[in-house]
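Next come two complexes, and both contain chain A; in the first it sits with chain B, in the second with chain C.
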Partner chain A sequence: MTTLAKPPTSDDTAIAEPRLRSAIRHVVTTAWLFPSAALLIGLFIIPTCYAVYLGFTNLELLGQYAQNYNFTGLANLQRMIHDPTFWLSVKLTLIFVIGSGVIAQTVLGLALALLGQRVNVIARSSVGAIVILAWVLPEITVAFVWYSFSQAGGTLSHLFGVPNSDLLSTVPMLVVCMANAWRGTAFSMLLLSAGLRNVPREVDEAAQLEGAGYWRRLFTVTLPIIRPTLMINLLLITLATISDFTLIFAMTQGGPGNQTAILPVYMYIEAFQFNQLGYGTTIALTLVLIGAILSIAYIRQLRPELQDSTS
Partner chain B sequence: MKHFKRFAVPAVGAALLVTTAACSGSPAGSGSGSSGSGTVTVLYSNNYVFNSDALATQWWKGIAKQWKAKYPHTKLVLQGTGGTDIDLMNKAAILFRSPSTTPDVIQLPTTYVAQFAGSSYLEPLNSFVHSSKAASFWPTMPAGVQNMSTIDGNVYSVNAGNNNTGLLYNKAMLTRAGVKMPWKPTNWQQILQVAAKVKAADPGVWPLWVAAGVAAGPTNVLQGSGNLIFGSSNTTMFDTKTKKWVVDSSGIRATLEFYQKMFKQGLGAPTSQLFRADAVGQPPLLLKQGKLAIAIGSNWYPSVWASPKSAAPWAAAKTAVGSAPFPTQNGQTPGAASTLGGWAYAVSKASKNVQGAEDFIALASSPANQLTTAVWSGFVPPSTPVGEKPLFINFAPPFQADFNTYAKYGVALPNNVNFPVYARALNTVTGDFAQNPNASMSAELARLSSLVSQQLGSGSVETLP
Partner chain C sequence: MSADQLVTTEREVTAPAVVRKRRSLARPVLNVFMIVIGLVFLLPLLWLILASFNPTADGTLAMPHPFSLLNYHLVIRAGAGAAIRNSLYLAGVSTVIATAVSTMAGFMLARRKIRFKGLVLVLILFLTGLPITLLLIPTYQIFVHLNWLNSKFYTSLVLASMSVPFSIWLLKNFIGQVPGEFEEAAAIEGASEISILFRIVIPLIIPGILVAAILTFINSWGSFLIPLVLDANPSDTPGAVGIYQFMSANGQVQFGQLAAYSVLFSVPVIILYLISSRWLSGGFSFAGGVKG
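Here is the complex of A and B:
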């Protein structure tokens, strides 16, 4: 029994040609992706993997393990778990992120955005410009402004009615939180103002006709509508605040003692003042992990809105 | 150890430059031009060691010129870097991680020599410094200064200049408080008593500056608590026999009790001043402004006032400010105490031109270059004969001569890789007393111990009598 090969028909050729073109396009597309992939691998993935590796070594900036360091397994993690300063630092980081970022910046930003809706354009623009000025100032400048502001005899001490008190020394965490909130509020205001502009006027008016007061409309109409904007705002604020270093380091260097040593500052102290580069890297990785967990939590909160928008 | 950009001294600078230029042809060490060829790279601080950036530039340009004249076939590459001493050391530590980026010579604070040597980054200089032909400067340095460069019998650096400590006080403020001039306390109690009198006479001023808190880093031990510990009945910070850090001793307790008494009586500077990142540079300014009466201060303070273009020109300082050695706790022998810290040059182990690197150190250590370094940086020169030169003594009189006499009390801080950990713990505790003078002594001693042992392990600390 013999089988004869079916001669190609014009239909087959018609199918094969697009396939060939598709394959070529695929190869070309892949080739075009190669530079960005190489950059991503070379500048992000490999350094990140190397950093993860270093976090499990006893590498020192200076010292007997500066050149000849070893893989030490979970030693850095064990040390971290038993390090009271690390846990203090975690606590301070959460206070800083939640207090000055999540709560203060969001509440103040929302308040300014809501107030901005109720005033004329000139007043809104003027206030907005002033608030944004704080945001566009370099962080180091903000640190020096607040450093002077919170000294004995400084304006803040006078406002608090304790002109001779060094607030930066007596309540250091409160002062750095206030400085961060002062700086970051403009970002929330901008984002939430944009969100508020997307609230349909008819919905608000309908609620008003139903007899709902201002606060009722705010909490049951406005905020649910701008919820995705709020969540994105919280996500961005959290990620920006959790990795903040300049503001606190310039104001207090983590002191007095370790009273303002949030994780990025503590990481710096360990890595560059105590020369414990490996341990400092472990702290940095923990910081990344905390940031990732919080990001996932926010994104999960956003999922219903994202699903709604895609369906 | 310098701490902030201070001032320019163009007149004296120009005079010294002429001297330097005149001396540049004289033998700096070997004088043989032994660097045959190649390159010598030097990493240094261009805005921390000298009193101003301009003076740093002027000094390094002068060195480059001298080098070119003496070693025309060897290229000198100068790598100046900005920031503080810690920034310089961090940069250096990163550069040293690869032989291709490692400089041949590094300028470093003496407290870092052990850290770089402990990292196996430094070339021992024993044969170099013991060669009278190559290093004629070495025998002119006193043993205390030589020891600052020596670890386990190996010489790893050559000192370029030192800072020591004494008391500096505003005479008018003390006179108003009824204190007879010249004031020369013989124990710590007398210092507190006079500070209390100043406070009584003028409640608006800060009577006494003793560095406290973590803001200025290990420098606060050099210019603050270290002097008290060295003046106490037990001066040990690091026990070289047991290789442990002392976290409780009669010396540590006496030191912390001094801080506690000072702050409890309201005699210390406020935390807004002490906890500033630039706190180290404040006392000379405050003394001039009449806001501060007494400071445990460094030999470089007078250079802040010396010139019309200084950070705080104060022509009257020579008569308005008095100085005295910082006494021991109860006046016990030797009668006074001082920390000793400074800057040095070291050669990297990865250097491909060790000979050239040593030639550079010899050149930088010539009497003329030591002199310009000392005057332009506010150092005590490492070589005794240079410190006795009229050009040095007559700069910012009478203070240079006074601090020269205090140099004999100088004791170097522990030359150990973990000193930054100990320093931060000690600074944390002194800062605690500044914030809360009623803090319990036992709790603070426990805190000192735990801060060190958390970092270095529980076996790293000990208690001494």
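Here is the complex of A and C:
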């Protein structure tokens, strides 16, 4: 990475005017970095700073506060704290992240990765292909398929033994979690099977000779060794799930009655359906804050492991 | 057979016989277990394909009788073709922009001494984790001021910028793995920066460029929230928004037609994934290929 970068080589090629050449080089370097710098500053850095400001204003999509909005200090935060829908939304976001991401995707992905080590190659590659296909599909397609499955008379309703009920009105959160687990398991499977390939066979065999059974070896040998991969997997899944919008919005629009309005969906509803752009930004900032706190927690968990493995 | 099984046979000399026996007994059970999981994952996919050929499809998995292309016919007549062309525009333009600027930046970041380079790279890495939900409202507001709303081109620009941080990292690492001697030799011969990039660097990192381009294309192709908010022009609607509007349209949900629409919309992405997983080595064999 950075160590691979080479020092400038202009000095040894300089023939007549080394300083001029290095000045030209400098200009060229800057010019080549400029387009991506412009995109990243214009469409990432400035919007991020602007969001921090807008989150403390009463900006609206339409009406009098669309043009002449003001800085309202902590009014949005106060409103948020007293907004029961916001707290419901935080709860739903955590259920979605923990239920479908951390638990379902990771456990299923790990199970498939472990099975993949031991089943025959045809079963492994065909099941792997199916699971990966679900992951490659556009999110809107996944949303549509699971929407149809959970309709009254749909296959999922039949499997649940309630063929005449619309599961998206009776157990909406469960259905969207299942859809997200179906879609995202491949990522954990791929990442964790890569991690499992790096577990030295000798360690496992030594434990085997000591007479340790499969489950004992899994929990005391294999999982501790792949812990860094597991933590990175959890971190990436958490960040992806916490900001997911399309899947839930296309399936339920946050309904019925806000029962699936996780924070990104609630933000969209407040901002673009109830015109509250300022308040919507406050919600988005809170979302980023929650993501940052969770990331720091994971990275702190990871640090001792990283130090161990480098020493 | 696979590599790890070869290793097992090699090591069997040291492994006790009892263990080997238990393992071989457990295998059939595990195979069955794996296949059951696979079948559960297959059900929704199977429904999608069968429903797309069934004009009277509903949410239940059923064989169409007879197989019919009517859904495809109807959905193309209802505008799926135009929406997919819009997706092609958004994904194509954003891929060209993102890949071009990221290759240039990646080249410089890999090859030149730049002040605060470490800090810049960490910042770029950090940007890959910022959710669009945070950027959406301020970007919308900026677009209002600049009068950029309802434009396919500016929407593609936002989609491009979403992929730039990851692409820069990917391409910087690819270029960093290419030895710099060729470039030095070319520079001594008096070649300009541009000809060095096009004649020497790009041919050597074509796999990296393709992977970056394909990942950007897949992400932009599936994007939903950004075009939904930034481009309300009905004639610019991309496939993802089109499917959503078709789903939430009043009246009876047309399951068969929507399934056909979804299949049409998904096939390009699946083909591109298959191509890119070749470049990323392994592909469908669990072997790697992490989507960005």
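The rule we apply is simple: the second predicted complex is superposed on the first by the 265 of 311 C-alpha atoms of A that agree within 3 Å, B and C clash if a C-alpha of one lies under 4 Å from a C-alpha of the other, contacts with A are read in each partner's own complex, and residues count from 1 in each chain.
Note that a residue touches a chain if its C-beta (ideal position, glycine included) is under 8 Å from a C-beta of that chain, and two chains touch if they have at least 3 such contacts.
Since the model is a prediction, treat every value here as computed from it, not as a measurement.
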Simultaneous placement of chain C and chain B on chain A, clash or fit: clash
Partner chain in contact with A:Gln151 - chain B first, chain C second, else both or neither: both
Chain B versus chain C as contact partner of A:Thr72, first or second or both or neither: neither
Touched partner set for A:Gln208, first chain B, second chain C, both or neither: second
Contact breadth on chain A, by residue count: chain C or chain B: C
Touched partner set for A:Ala129, first chain B, second chain C, both or neither: second
Contacts of A:Arg118 with chain B and chain C, given as first, second, both or neither: second
Which superposed partner A:Thr170 touches (first chain B, second chain C, both, neither): first
First, second, both or neither for A:Thr48, with chain B first and chain C second: second
First, second, both or neither for A:Phe272, with chain B first and chain C second: both
Partner chain(s) touched by A:Gln253 [first = chain B, second = chain C, both, neither]: both
Chain B/chain C common contact set on chain A: 151-152, 250, 253, 272
Touching residues on chain C, where the partner in the complex is chain A: 1-2, 4-5, 7, 11, 14-16, 19, 23, 26-27, 30-31, 33-35, 37-38, 41-45, 47-48, 51, 58-61, 97, 100-102, 104-105, 107-114, 117-118, 121, 124, 127, 129-142, 157-158, 160-161, 164-165, 168, 172-173, 176-177, 180, 184, 187-188, 193, 218, 221-222, 224-225, 229, 239-240, 243-244, 247-248, 253, 255, 258-259, 262, 265-266, 269-270, 273, 284-291
Chain A partner contacts - residues on chain B that touch it in the complex: 86, 89-90, 93-94, 96-97, 112, 115-116, 118-121, 213-215, 217, 270-272, 275, 277, 417, 420-421, 424, 428, 431-432, 434-435, 450-451, 454-455
Sites on chain A touched by chain B in the complex: 60-64, 66-67, 83-85, 151-152, 166, 168-170, 250, 252-258, 269, 272-276
Contact footprint of chain C on chain A as seen in their complex: 1-2, 4-10, 13, 25, 28-29, 32-33, 35-37, 39-40, 42-44, 46-48, 50-51, 54, 59, 108, 111-113, 115-121, 123-141, 143-158, 182, 185, 187, 189-191, 193-194, 197, 201, 205, 208-209, 239, 242-243, 245-246, 249-250, 253, 263-264, 267-268, 271-272, 277, 280-281, 284-285, 287-288, 291, 295
